[in-house]
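These are the structures in question, set out in turn.
In the two assemblies presented below, subunit A is common to both, partnered first by subunit B and then by subunit C.
Right, the complex of A and B next:
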């Protein structure tokens, strides 16, 4: 069966990818939605496994109606043959080729390389005319003494556990770090029956109230904040702002954390340390955009964000991006960006110039939400002096077990001035996660900006798969380079 | 405003060659400053595998330099540095190289090549039939044999450069970009100008590797250093399943080739830290940093052909670097007669880690007016025509 509709590959089935898929599929584009999870939803709308037979999964979510609309629309498009939803597909590379057309003009062609199956060993390749990257973000966690003790998990990890498995990680929890994610994590844990002993936020959210313009533009967000505040009160969660966790205690298992107050310079105030007994610490310091696929495609980045234009196009022809990968801004912003990206891609793939008026409401909410999150960003920040807490024997890179002391030695004693050289001299960031976890910490300790490090493979790929990648393509292409193989 | 340092020698480039020059110059009693626009090991050194090879070199000046360098590396490895023996700190391993032929004809050619190398002082042992699998049990079955080179060694290049700089005691200025080579009215070197001030010294050593042509140009001379791109694949950490540096016989031909087109030949080696490194590709495409699936795929094909078990092993990452390529495959080492006081130590192509110690040693001998251990004439920096034909960049 041939299908002459243009083909868009959307990578990531979170809010941005779903919104984009639905928007593009409704406007004459065949979409392949590729995602690593077993069910659509991404981190935000993470769904409990079907076999858990959850009675009221929405109890753990807000904006449930938006999810239901997307879910139902996706199902309709799949049913109608407009969308193919590939689950459990782990994309490791997106390759762009220029195909010479009969008329002599070059045409974009993309191959999405993914790994399938529980072992992620089986290769799958999806060919498309354009790609839309909705790869989301991943959590940033900064190290402190004891953060590797079992019982310490990321805030997002705790939330994923709740949403995905309906399980609670422990009996008594402390939620700590910085950022708006801590509120739903604390209230979610409390609602699930965990005693939340404290919510430890290093920022002073009261500073946010002073940014009245961005707030006034987002009455919904104000209400959301008020709702969380009421829930914290109801569950008697102690809110400690301008505080930080200085140490987690325990050997085989977390027993307690020590928290302390911060002064205005971000230093720990002497004499304010206190111990809070807990078996779980959910800690997070914000979200970092997932940009590996975009970088390898050659997309321009602005700091750590993929740069896009008003239509959500990157500077690489045929590549759109939406959601957290273009900058952290939450689910509502991801929905707006995804919608715009999907409409733009549909129009352009069908050879027409899109009229921005068709997505005017989404563009309006995008503007407001970007302003809101820019303001949020200035408020929520790790303690300015967080590196002071990292002792020389604190493990910073968990994969390779590299300590703070080794990193300081590489910087002060050996002349490493950036994350890459620290990696070369200490192995920090060379392990399985390829520095995704320790990158921000290493940058902080090295005293340099966090710049995205180039990771040509978005995830590890078996050499046997790599050796055959795009084989069919290579055979077809006369421009394949001559290999100097053994005689 | 500008901070004026005075020293005997300022070395431009804190890569492996600059570090070795600093070490031997300092040991010759000279006061040394090293500058680099990036961090230590930030250029080609940080993108290399750390090969100290004699096996891939035909008899001639480069092989002589490699043999001298190999002896110096072995001496350095036994010295104390950092927390233990320097060799351990920089992951020095005398693991030996194994060159594998894929056909009987290929083996015959390889053995003829080894005979010539032996005459020049290389230790090369024939490896036939089963002996091949005693050395490397996981090689693909059915290979006719190869040649074993016990003098081939490896270091972790970024660590080696950083620790040699430290052991040298030279002052290291990173994040410091050279903007000019300062000359006196008589045309001799006066020092360098950087974005952080002038550094005055009667001798400037150009150890800027692939960017050595740019430093030469600041002094008003041409040095035809061109980038020759190479990709390396890195696997997940493994137990020691690949014991030596193992490569296919056609690697030697690729190294010696003048072609700008892509060449790949499988080079596979385990490392002290566990990951297996897979090379080697060569292509002259300027400073293009774009990832290339065709190149990396060719590396994976070659490696899995040599070691079939690698098919199920994960590639964790891939990186690329730019070898400093010279038209005749020999580095530029020694004083530049066109600008008295300017000394070059760059253009080692893919052999810079291995050849660094010999290069540094020769530079120190030349700077302190000693008779050099090797005749430096073949490495003369002014051996190229002043206006070379435009190369593909």
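Right, the complex of A and C next:
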């Protein structure tokens, strides 16, 4: 069957990617939705494995109605043949080529390269006329002594395991770090039967309540905060604000954490340390956008965020971006951005200039939510003096086992002033995760801003796959008439 | 006490057996290797290449590669992503996993 509708590849099936897919498919575009998970939802709407046969998955979720609408709309478009949903596809590269058309004009053409299944050995290529990056983000954790002891995990990781596999890491947990994610993680674990001994937040959320303007614009967020507060109370979770975990104890398994109060400069207050017994520490210090695919495409970044215009277009023709890859702002903002991106891509792929009035409500909520999260960002910040906690024998790069002492030696002794030089001198960031876990910590210890790492591929690729990549493209070129050959 | 399975009203099919270093443990259909190991009370299944320290789940979403494990003689599988299958032989991974 031939299909002459323009073809959009959406990468990521979280809130932004789903909203974009649904919006574009409803307006005359064929969409291939490519995602690494077995089921749509991304991190926020991560679904339990189908074989677990969960009758009440909503018990693990917030904003379930929005999810039901997206899920049902996706199913309708898949049924109607407007959307192909590729699950278990791990995208490692998006290539952009310019194809010369018969009339002489150039046309965008993209090849999305993915690896199949959890083993990630077999390659798949998807061709498209445009791509929409909705790659989300991952959690930042700043190091402290003991953070490599089993039982210490990211707050989002604890939530992902709970939502996706209905498994919990232990019996007694401390949830710690900073940011709005800690609330649903603490209440989620408590509802799932884990005793949450404390929620340790380094910021003072009361400072946020004083920012009346950003809050007044978001009454829904105020109610959400109140709901979490009530749930913490109901589960008897002790809330320690302006506190931090200074050490995790245990050898082969976490046994306890030491927490301490912070002064107004972010220093640990002497004499406030106390030990809390626990077998689990769920810790997080914010979210970092996934930008590898955008960087390889040459998209401009603003700090660590992919830069987009009012239509969610990047500065590379044919590439849109939406959701947390363009800046951290939560699921509701991702939905708004995804909707706008999908409508814009659909209009432009069909050769028309979109009228921004068609997405005015989404644009309005985008503006408000961006303001809200900008205000949130000024409150939820890691303790200003977190590097004080990193002792010389604290492992900072978890993959290559590079210590705080080795990094300080590179910075103070050898003059390294950026993450890349530290990496060349110490191997910090050279391991399996390619610096995703230690990057923010190394930047902090080197006294520089966290900048994008410019990784050529978004994940490890088997050499055989790399060697064969593009062969299909070469075959196509060889079969094409001479005037269609690239220069 | 509430369990996550109760909370989500989950009714998976019958449990099956996998082995961890030869010891039989139960896993449920739909569980990843990591979820099965957690449920069996195991939180580490790898030792690092340098200091030989134990590691298990850290990021839980396939980004950090801390949860690497050997499954059916294939080393370096991410336990947080790989589904458990009946009869899987899971082994603690020492270092690169290629030494034995």
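By definition in this document, the second predicted complex is superposed on the first by the 473 of 487 C-alpha atoms of A that agree within 3 Å, B and C clash if a C-alpha of one lies under 4 Å from a C-alpha of the other, contacts with A are read in each partner's own complex, and residues count from 1 in each chain.
Throughout what follows, contacts are C-beta pairs under 8 Å (C-beta built on N, C-alpha and C of every residue); 3 or more make two chains touch, one makes a residue touch a chain.
All values reported here derive from a predicted model rather than from experimental measurement.
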item: First, second, both or neither for A:14, with subunit B first and subunit C second; value: neither
item: Touching partner for A:456 - first (subunit B), second (subunit C), both, neither; value: first
item: Partner chain in contact with A:286 - subunit B first, subunit C second, else both or neither; value: neither
item: First (subunit B), second (subunit C), both or neither touched by A:427; value: first
item: Subunit B versus subunit C as contact partner of A:252, first or second or both or neither; value: second
item: First (subunit B), second (subunit C), both or neither touched by A:95; value: first
item: First (subunit B), second (subunit C), both or neither touched by A:158; value: second
item: Intersection of subunit A interface sets (partners subunit B, subunit C); value: 432
item: Subunit B to subunit A touching residues, read off their complex; value: 14, 38-42, 46, 102-103, 105-106, 158-159, 162-163, 165-166, 172, 174-175, 233-236, 248-250, 253-254, 261-266, 273, 275, 278, 283, 290-291, 293-298, 300-305, 310-319
item: Subunit A contact footprint on subunit C (complex, rising order); value: 1-13, 28-32, 34-35, 38-39, 43-44, 48-51, 53-66, 68, 74, 77-78, 80-83
item: Complex contact set, residues of subunit A against subunit C; value: 36, 43, 48-57, 59-60, 118-119, 138-139, 148, 150-154, 156-162, 164-170, 191-193, 252-253, 279, 398-401, 431-433, 436-437
item: Touching residues (chain side subunit A, partner subunit B) in the complex; value: 93, 95, 121, 296, 298, 410, 413-418, 420-421, 424-425, 427, 430, 432, 434, 454-457, 460-464, 466-470, 474, 480-487
